[in-house]
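Quick heads-up: structures coming right below.
Here chain A shows up in two complexes: once beside chain B, once beside chain C.
Here is the complex of A and B:
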C-alpha cells in the first residue's frame, strides 16, 4: 500500500473534504476531549493526548434504538443502520482502533450482530500514531499493542513536524486516499525509515508494563483467592472503568415509552460494576458484591476473552487507571494475580 | 500536619479493640501523587496509613456503601464498629447520615483529622503530568512541597488547593471519638459569590452552559456512587416498572438525572465536592449543589451536617417557615 504525506497547511482542507462523510474527530467540550461529529474542520482538536471517552460509541452507541412500535400496530419500524451513512473516524489512537478489532470478534461470533457489523462496514478508521505516550499509565506494548500499531486501522497518520506521513493500510484506506488526492503528496524516500525509528522511540517511552504470560491460564485457579476482596475493597461500583474502556462491550436491552402508546426497544451500554448487572428475575445475583464484579472485570479481559478469541481484551490505554476515583489500578491487580498462589 | 507515627499508633490501638471490625483510612496510591482508601483489619496493616494533602477521598461514603449480604444460617451478624478517618468536611457527611438515622451512632468510631486543606488532584495532575513514581505531598506553611523520584518542588498552596478548601469553615471535624491533632482554626469563609455570579446570568445563558455539560455525561453514576448522601437502598434510577428515569443516554435524560440528584440533595449536601472530583468528563456538579445549599441557608437558615440533634430539613415543618417563594 502506498505511503503519502499531508502537509499541515492542507489539514483543514483535507478535513473539509472528509466532512462530506459523517466525520468524527477529537474535539473539545470545555477542556474535555471527546470524539464527536464535526461540521467544519476548525472544530477538530488534534493537540490531544487521548480522548477521555474512547470513540467506541461510533461503532457501538451508548444508546441504540433497534426498533419503534405503536400499540395496536403489529408493524415494527426497524432501524436501518445504512441511513447513518459512511463514517470516517479521524485521529483515533492505535489502541482504540485495535480495541475495535478485538470487539469485532465478539460481535461476529455466535451471533452476527447486524447493527454493529453494518456500522463497522460503513466506517473507515484513520489513526494518529502516538509519537509520545499520551499518559503515564499507557501500557499498550504489554498487551500486544504498539504506539504506531496498525491493527484495526485503515489509514495511519504520523506527525512528522510540518506534515503527516500517511500510510494506507486497507482498501478502505486506499479509497479514502483517493478522496484526498488533491491534498496528499508523495512522501520522501526516507520518511518510512524515519517513522520506523520514531515508532521504536515511542515504544521506549512507555512507562508502565506487565508481563501477561501465564495470567490467562492462572486466573481460573484464583477464583476464591483473597486478592479479589482486597483489590475491590475501595471500589465505588461506578461505571468509569468499563464505560471508558475501549473494549468493554456489555449491553442491556430495554423498552422505553416515548409518547403515549408509542415506544422503542433499545440497547444501551451496561457495566459489570453496577449492582443490577445480571440480577436474575428471582432477585438472585450471581455477583452480589463488588468483589465478584471486580473479579468479573479482570477475568473477562484476561481470561474469558483469551479463552474464546485468543486475545486479551485490554489494549493498555490506561483510562481505567487514570480516571478511577479511588485509584484501583488494573496493573496493580494483575501484579497481585502474578504473585498470588 | 498530622504526625504519621502518632496516626499509626492510634490506628493500631483502635483496630486492636475488640469492638472494632475495620478501620478505614488512607494509604499511598499506585502512581504519582495519589493516595487510596485503606481498609485495615489488623494492627500490621496500619503501618502504611498516611494522611497528607493528597487525601481527597471522603471516606464517610464507605460507611453507607457497605454491602450487607444476608447472614448465613447459624451465623451472627458482625455488629462491631467501623472506625473511619474524617476531615472536617467529611465529618459533616457522618453527621448528616446520623441525622437521617442511616445507622446508629455506636456503629462507627470516628477518628477526626483537623485538616489544613487538601489538593485538587486534577490541578496536581495538570502541573505534574509525568510523575509515575509514588510521590508525596506535604503542606509546609503556605507552600505545598511535592516530592517524587528524588526531586522536590514547592508550589504556593493556593495554586493546587481544592476549591472547597478555599472556603472551608469547618477544618476540624464536627464529630469525633478521637482527634488526631490540635484543632485547626477556621481559615476561610463562604460567601457563595460563585453562586451569586451564576444567578445573575440569563436563563438562556445558563441553559447553554449546562447543555454543553450534560451532553457529555456518560451516566457512569460515579457522582451518585461516591456521594456519602446517596445511599437509598432502592434508587429511583433502578426502578424499571414503572421506569421513572430512562436508561437512554441523551441530553434530556441526562438533564433529568442531574436535576433529580441535585433536588434529592437539597438540604442534605454537605459540600465535600466528591461528585465533581470524580466526574470523568468534568461536569461542575457542585455549582448545582451549591445553589441549593445557598437557597436552603437563606430560606431556612439551615446547614446540613452540622448538628446531629437537628432533624433533616425536609422532614420538618414549622408554622413560621417561609413560603413566599412557593406562591
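Here is the complex of A and C:
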C-alpha cells in the first residue's frame, strides 16, 4: 500500500476533512488527555503521552444500551449501532490499536457480538507511532507489540518533524487517504528508510521489559503458590487496573427503568477485581479475597487468553502500573512468576 | 445473524409449585409467543437459557424438559433473589423472556448402550430431569436407569408425581432420601452421598451423573471414586454467576473454561484438570 506525507501545516485542513465523519481524537480535558469527538481541528492534541482512558470505549462503550423495553409489555427495541455513523479514531497509540485487534477475537468468538463488531466495522483507526515511549512503564515490545506497530491499524502516521509520514495499511486506510487526497503528497524516496531507523531507535528507548517466554505455560503450576498472596497484599480492589486496561473487556448487564415504565437493558464495564463480581445467589463466592482475584487477572491475561487465542491479552501500555493507587506493578508480578518454582 | 442479547418472549401455559417455603421451587411450562421460533429452536439435555423479565433482570436456568417432550419447554426455578422472586409472581397466561439454548449438553449419544445412574440433590434434580426423560423416551438405546435423589424434607422433593410414576412403570429403580427423620417416610433418611453408598451402583459399563449443591457434589464425587467409577464415567454440572451467557462478559470462568459456553456439563476427568472448579 502507498506511503504519503502530510505536512503539519495541512493537519488542520485534513482533520477538517475527516470531521465529516464522527472524528475521535485525543484532546485535553482539564489536565488529562482523553479521546473524544472533536468538531474543530484545533481541539486535537497530538503531542500527548497516552490517554488515561483507552480509546477502547469507542468500540466498547463504558455503558451502552442493548435494547429498550416497556416493563409489563416488553416490546423490545434493538439498538441500532449504525446510527452512530462512520467513525475515525485519529492519533491513537499502536498498543491501543493492537489491544482492539486482541479483543476482536473474543467478540467474534462463537457467538458474534453484534454491537461491538458493527462498531468495529464502521471505525477506521489512524495510529500515531511512538517516536518516544509515552511512559516510563511502557513495555509493548515484551508482549509482541512495537512502538511503530501496525496491528489493528488502518493507517499509521509518523512524526518526521515538519510532516507526518502516512502509511496506508488496509483498504479502509486507502479509502481514508482518498478522502485526504487534497492534503496528502507523495513521500520522499528515503522517508520509509528514515522511519525504519526511527522505529529501531524507539524500541531501544523502551526502559522496561519482561521475558514472557514460558509464562503462559508456567502459570497453571503456580496456582497454589504463595506469590499471589504477596503480590495482592496491598491491593485496594479499586478495579482501576482493569477498568483502564485497553484489553480488559468484562462487563455487567443491568436493567434501568426510567419514566412511565420504559427502560433499557444496558451493559457496562465491570472488573474481576471487584469482590461482588463472582458472588453466587447463595452468597458463596468462588473468589473470596484479593488473592484469588489478582490470580485470576494475571491468569486471564497471560494464560487463559493465550490458551484460546494464542496471544497474551496485555499490550504493555503500562496504564495499570501508572494508575494503580498503591503502585502494584504487573511487571513485578510477572517477575515473581518467572522466579517462582 | 440473530442478536444473542435479544430474548424471545415465552407464554406460560402451566405453572405449579414443586416445593413450598422460603426457597420455594416453581415449575413453568412455556411455549414461544412467536411460533416461528420453534422452527429454529433445538436443544439438548443439559442446555440452559437466560430467563428474565425486562426491567428486573436475567439469570441462568437449565431447561428442565427433554427435547423429546414436544411443543413446550419447562423451567424449574427456586426463589433465590430479585429475578426469581419476580418470576415466581407469574402464572399461566403471563409471559417472560428467554435467551437460548445456551451451553453444552450431556453427551447422550456417547452413552448409548450404557447404564445410567443419576444422583441429584434439591433443585439439582432440574438438569437431571431431561436426561431421565430422554433415556425413557429412547429406552432401547440405553441399559439400566437408576435414580438417586434427596432433598431436605419430603416436601422439598421436586417432580414427586413423576418419581411415583417412574417407580411404578418398572422403567427404573428410584431411591429417595430426606435429610432428617419424618413420620411415615418409607425411604432412606440421611444425606445423598450416604444414600449413594447404600445403593452402591456398580461401575461396569455405567455413567454416573450428579447435580446438586457444591458440598453434595464434592462428597458424591469422592464416593463414586470409592465405588470404582473412573473420572471419565462421572459427569456433573457447575454453577457460576452469569451475565452474558455467551462467553463474553468474562464472569463465569473456571480456569480457562467458561461455564456458560463450555459448560455447564463437565466430566469429572475434565474438572480434575481445573484448579478453580470446586472453589
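Annotations
By our rule, the second predicted complex is superposed on the first by the 338 of 341 C-alpha atoms of A that agree within 3 Å, B and C clash if a C-alpha of one lies under 4 Å from a C-alpha of the other, contacts with A are read in each partner's own complex, and residues count from 1 in each chain.
Just so it is clear, a residue touches a chain if its C-beta (ideal position, glycine included) is under 8 Å from a C-beta of that chain, and two chains touch if they have at least 3 such contacts.
All values derive from a computational prediction rather than experimental measurement.
Aligning the two structures on chain A places chain B and chain C next to each other without any clash. Looking at the shared chain after the overlay, A:240 reaches chain B, while chain C stays out of its contact range.
Judged by the touch definition given at the top, the superposed model places A:325 against chain B, while chain C stays out of reach. By the touch criterion stated above, A:252 is placed in contact with chain B and with chain C alike. After overlaying the two complexes on the shared chain, residue contacts for A:31 are found with chain B alone; chain C is out of touch. For the three-chain arrangement built by superposition, the Cα-centre angle with chain A at its corner and chain B and chain C at its ends equals 90°, in steps of 10. In the overlay built on the shared chain, the residue A:188 is in contact with neither chain B nor chain C. Once the two complexes are overlaid on the shared chain, A:11 sits clear of chain B and of chain C alike. In the superposition on chain A, A:136 makes contact with chain B only, while chain C stays out of contact range.
In the superposed model, A:286 makes contact with chain C only, not with chain B. For the pair chain B and chain C, the model built by superposing on chain A gives 6 Å as the shortest CA-CA distance.
In the superposition on the C-alpha atoms of chain A, the part of chain A touched by chain B in one complex and by chain C in the other spans residues 252, 254, 257. Remark: chain B residues 29-32, 34-37, 39, 57, 61-62, 65, 67, 69, 129-132, 212-213, 215-216, 218-222, 224-226, 238, 240, 243, 246-250, 274, 277-278, 280-282 touch chain A in the complex. Listing the residues of chain A that touch chain B in their complex gives 29-32, 34, 52-53, 62-63, 135-137, 207-208, 233-234, 236-240, 243-244, 252, 254, 256-257, 266, 268-269, 271, 274-276, 288-290, 321, 323, 325-329, 331-332. Across the interface of their complex, chain A is touched by residues 1, 3-7, 9, 53-59, 80-81, 84, 97, 214, 239-241, 243-244, 246-251, 253-256, 261, 275-276, 279 of chain C. On chain A, the positions that touch chain C within their shared complex are 66-67, 69, 71-72, 74, 76, 78, 106-107, 109-115, 220, 223-224, 249-255, 257, 261, 263, 265, 267, 270, 272, 277-282, 284, 286-287, 292, 296, 299-300, 303-304, 307-308.
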